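The structure that follows is given in the form of C-alpha cells.
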Amino acid sequence: MDFIKHVINGLGLGSIYALVALGYTMVYGIVKLINFAHGDIIMVGGYMIYVVMVVLGLPVWLAIPAAIIICSLTGMIVERVAYRRLLVHNAARISLLITAMGVSIFLQNAFMLMFGTDPKSMPPLFPYGQIKLGGLELASTTVINIVVSLIMMFGLHLLVNKTKMGKAMTATSEDSEAAKLMGINTNRIISFTFALGSGLAAVAALLYCNTYPQVKTTMGNLLGLKAFVAAVFGGIGSVPGAMLGGYFLGVIESLTKAYISTTLTDAVVFGILIIMLLVKPTGLLGRNGKEKV
Amino acid sequence: MMGAFTKKTGVYYLVNAALVLLLFFVLLTFINNGVISRTSTGILTLVCINITLAVSLNLVTGILGQLVLGHAGFMLVGAYTAALFTKNCGLDLNIAFPIGLVLAGIAAALFGIVIGIPALRLRGDYLAIITLGFGEIIRVIANNLKITNGAMGLSDIKSLSSLKNPSPMFVYSYAIAALVIFIMFTFTRSRHGRAVIAIREDEIAAEAMGINTTYYKLFAFVLAAFIAGVAGGVFAHQIGIIDPSKFDFGRSVEILIMVVLGGMGSITGSIISATVLTWLPEQLRGFSQYRLLVYSIILIIVMLFKPSGLLGRYEISIPALLEKLYRKISKKPAQTGTGGA
Amino acid sequence: MRLLITKDLSIKFGGLQAVNDLHIEVNNKEIVGLIGPNGAGKTTVFNLLTGVYPPSSGAMRLEGTSIIGMKPFEINRYGIARTFQNIRLFKNMTVADNIKVSMQQSMKYHTLSAMFRLPSYWKEEHRVDTEVRELLKIFDMEDVAEQIAANLPYGLQRKLEILRALACKPKILLLDEPAAGMNPTETHVLMEIIRSIRNRFDVAILLIEHDMSLVMNICERVYVLDYGNLIAEGTPEQVRSNQRVITAYLGN
C-alpha cells in the first residue's frame, strides 16, 4: 500500500515535470534550441501568482489567467528580443545556447533585485484535505496536480492534432524550409510555440506553488534541469515522450526519497540522465534524427 | 607556411619567453618589496587563476565549439581534492601542495571522463545541459558528504604564502597560467589541435576525413577539466576556506563570460578579459549586486551583435607588433614622433 | 583486381526502401559512374559505403575485408575517402590546414611532442608542409594556400574538397556530384583533373554525377540506380541505349 502511495505521490510531482518538459520539447522540436530560460519562466509564473494573491490579495481564479498571460508574453518577448535575430541568421548553435543562458541569468537576477533573495511563502491555493480512495489516503494537492496535468495534456493533444495552428507547428518542426514554401509564416509559429510552452510553464508554476507553498528566484534552476532530463528521457522533440518522461521522473524521485535517500535524489535523477544517454540517447519515444549528409 | 620551424618563429618564441619572464620578475620584485600590497598580491593571484580557468574553458567552448556550463564543478572537485590531501597527508606543505595539485587535476579529469563519454558520443547540445547538471549535482553531493564537511566546507587550508614570504602562491599561479597558455597555443597549432578545430567547423566532414571525433572531443574536454581542477586546487589554498557555494553556477558563468567576451577561440582574448573581469569587480564592490545582471545583458548583446566575442579568433602577438613597430621606425623615422602612440 | 564489392546491400528508412539489393564492383584504378534520377538513392549509397548509415542488410568489402559496422573515420583510414554534394569544407581554416586535417593520421608525433614542441613535431610538420605544397602545386592552387577556405570562389572550393579527400591517400575516392554548379568549361577542366588524379595517384574513383557529358566521357563503367534499385550497368554506350534507363529518366 505504501508503495502505491509513493507512486501516486510521484505522479503528482511528475505532473509538474511533465508540463515543464512539454515546453522544452516543443521549442526544441521547432528550433532545435535547449531553451535554458524555460525554467525561469516558471519562476516568473510563481511570482505572478504571489503578486496577485499576496500583494494584491485577489483570489486564485484571477491569479491563474494572470500568470498564464504574463508567462506567455514573457516567452514571446524573450524569443523576439533574444533569439529571433540569431534564428533568422542561422547563427551557430553555441551562440543560441549562450544567449538562452544569458536570458536565464537575466530573469533570475532581475527578479532578485525586484523581490529580494528570500523565498516568499504562498498561501494555500486550494482547500486542503485528504482524499480516500479504497485503502489509500491521498493529499488533495497530489490529486489536483494529476487531474490538472491530464486536462492540459488532453487540451494540448487537441490543439496539436486538430487545429490549423497545431498542424502548422508539426509541419514547421518536420521541415521549416518546406513549411515556409507552403505559405506557413514560420516566425509566427515559433512565436506561438514559445507562448504555448510558457503558458504551460505558468500552469506548472501553479502546481508547484500548490505542492511547495513558496517561491524563490532560483526555483527554476533545478526544476528546469529535471524537466529537461524528463524531456530527454521521453525523447526530446516528442510531445507524448515529454509527458511520459515527466511522470516517470516524478515516480523515480518519490521512490528514491522513500526508500534510498532524501538528500541524494537529485544526484539519482542526474545519474538517470547519464545512463539514458549511454543506453538510448534518442529517449523512449524519440525518433532517430540523423543529420542529413 | 605556419608549420615549419623558421628563424622568425624562433625569434618570436624567444621574445615571448623573455616578456613572460620579465613580467614575472618585475611583479615578483614588487611583491617581495611590498610595493604591491598583500591584498593586491591576492588579486594578482586570482587573476592568474582566472586566466588559467578561462583559457582552459576556451579550449572546449571556443576551439572545440561545445558549450560547458559547469566549469566551476571541476574547480570544486579539484579544490576539495587538493585541500583534503594537503590537510591530511602529513607531508610538508612545500611537497604536499604540488602533489595535491596533480591529484586535483586527475580527480577533475576523472569526472570529466564520466560525464564526457555519454555527452560527447552524441552530436548536439548534450554537453551543455549535462555539464550544467554536473555543476549543480556536485554541489549537492559536496553539501551532503561527511568528508567534505557539508555546507560548512573546509577551513584552515594552509597557504604557502606568509607575512614573511608573500610571494609563493603568486609564483605557483603565474607559472601554471603561463604553462597552460603555452600548451594551449602549441596544442591548437598541431595535428591534434587541427583535428579539434575541424570538428568545430564540420563534425561530419571531420569524421569522413579520418578524425576520431569522439576521441578528440573527449580529449579536449578532459584536458580542460584537468586544468580547471588544478586551478581549483590553487584557489583553495589561496583563499584558505572553501565551501560548496564558492563553486556555484554564478562562478561557471563568470568563467564563461570571460571566454565569450574575449573571443571564442582567442587565447589572448581570454587572458585580457579574465584580467579585466577579475580586477574590475574588486574595484567596484558596491556593484556586486548587479554584477550577474550586467553580465547576462553583456552575454546577450555580444551574442546578438558579435557572436564570436570581441577579439573573435584573432590572437594578439606582441613579437609581431614589435616587428611592425620596428619596420615603421626603420623605414620612416621622421614620422614616429608625431604618430599617435 | 576487385577493390570494392557490395552484395545485396539494402537500407530502409522507416517504410522506405532507399537502397535495395545493390551489387556494385569497382576495380583498381577504375573510374565508375553512379547515375540515376533525383531521389534514386545515389548519395545514400555513398553514406552506406562511408559508414554514415549502417545498412539494413547485405555486405560491403574493400580488398576482401568487410567494412560493415566500421565507423566513418575507420572506413576512411581503411581506404575510402569522399566529397559531399553540398560542399562541407572546414570553412574558417586555411586551404593548407584543410588538407592537413586529412593528413593528421599519417603524422607520427605524440600529443606531448606537440605541446612541448619536441623535434618530432617540427620534423613531421615540415614534411607535411612540403607535401601539402606539392599537392597544391599539382592542382595550381599554391597561391591560395594560406587563404581561408570560405573565401575561395565556388569552383576552387569544389576542387579543394577533392584535394582534401585525396590527401587521405585513399584506395578509392567517392565524388558526390563534383561538377554541380559548374559551367561547361569548368566541367571540362574538372574531367581532366579527375583523369589525372586516377593516373597520378593510382586511385579508383566512384562518382555520382548528373552531367552526362562528364559521365560518358570519363567513366569506364556506369551503374544506373532508380528508386533504390540497380536498373542497368555497363559501358557508357551500353547504358545510353538501355531502354529501362531511358524510361527511368524520361518516363513512358
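Order as written gives the chain letters A, B and C; numbering starts at 1 within each chain.
Here, a residue touches a chain if its C-beta (ideal position, glycine included) is under 8 Å from a C-beta of that chain, and two chains touch if they have at least 3 such contacts.
The model shown is predicted, which means the values in this text are computed figures rather than measured ones.
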item: Chain of greatest Cα-centre distance to chain C; value: A
item: Chain nearest the global centroid, as defined over all protein CA atoms shown; value: B
item: Between chain C and chain A, distance of the C-alpha-averaged centres to the nearest whole Å; value: 46
item: Inter-centroid spacing, chain B versus chain A (mean Cα positions, whole Å); value: 35
item: Centre distance in Å when chain B and chain C are each reduced to the mean of their C-alpha atoms; value: 41
item: Junction residues of chain C, two or more chains touched; value: 52, 84
item: Multi-partner residues of chain B (each touching 2 or more other chains); value: 204
item: Residues of chain A whose C-beta touches two or more other chains; value: 293
item: Chain C to chain B touching residues, read off their complex; value: 50, 52, 71-73, 76-77, 81-82, 84, 88-93, 96-97, 100-105, 107, 109, 111, 114-117, 121-122, 124-126, 128-129, 132-133, 145-146, 164-165, 168
item: Chain A - residues contacting chain B, complex; value: 34, 36, 82, 85-86, 91-99, 101-106, 108-110, 113, 221-222, 225, 228-229, 232, 263-264, 266-267, 270, 273-275, 277-278, 281, 291, 293
item: Residues of chain B touching chain A in the complex; value: 61, 65-67, 69, 114-115, 117-119, 121-126, 128-130, 132-134, 136-137, 140-141, 143-144, 204, 249, 253, 256, 260, 264, 289-290, 292-293, 295-297, 299-300, 303-304, 307
item: Complex contacts: residues of chain B adjacent to chain C; value: 1-5, 183, 186-187, 190-195, 197-198, 201-202, 204-213, 219, 313
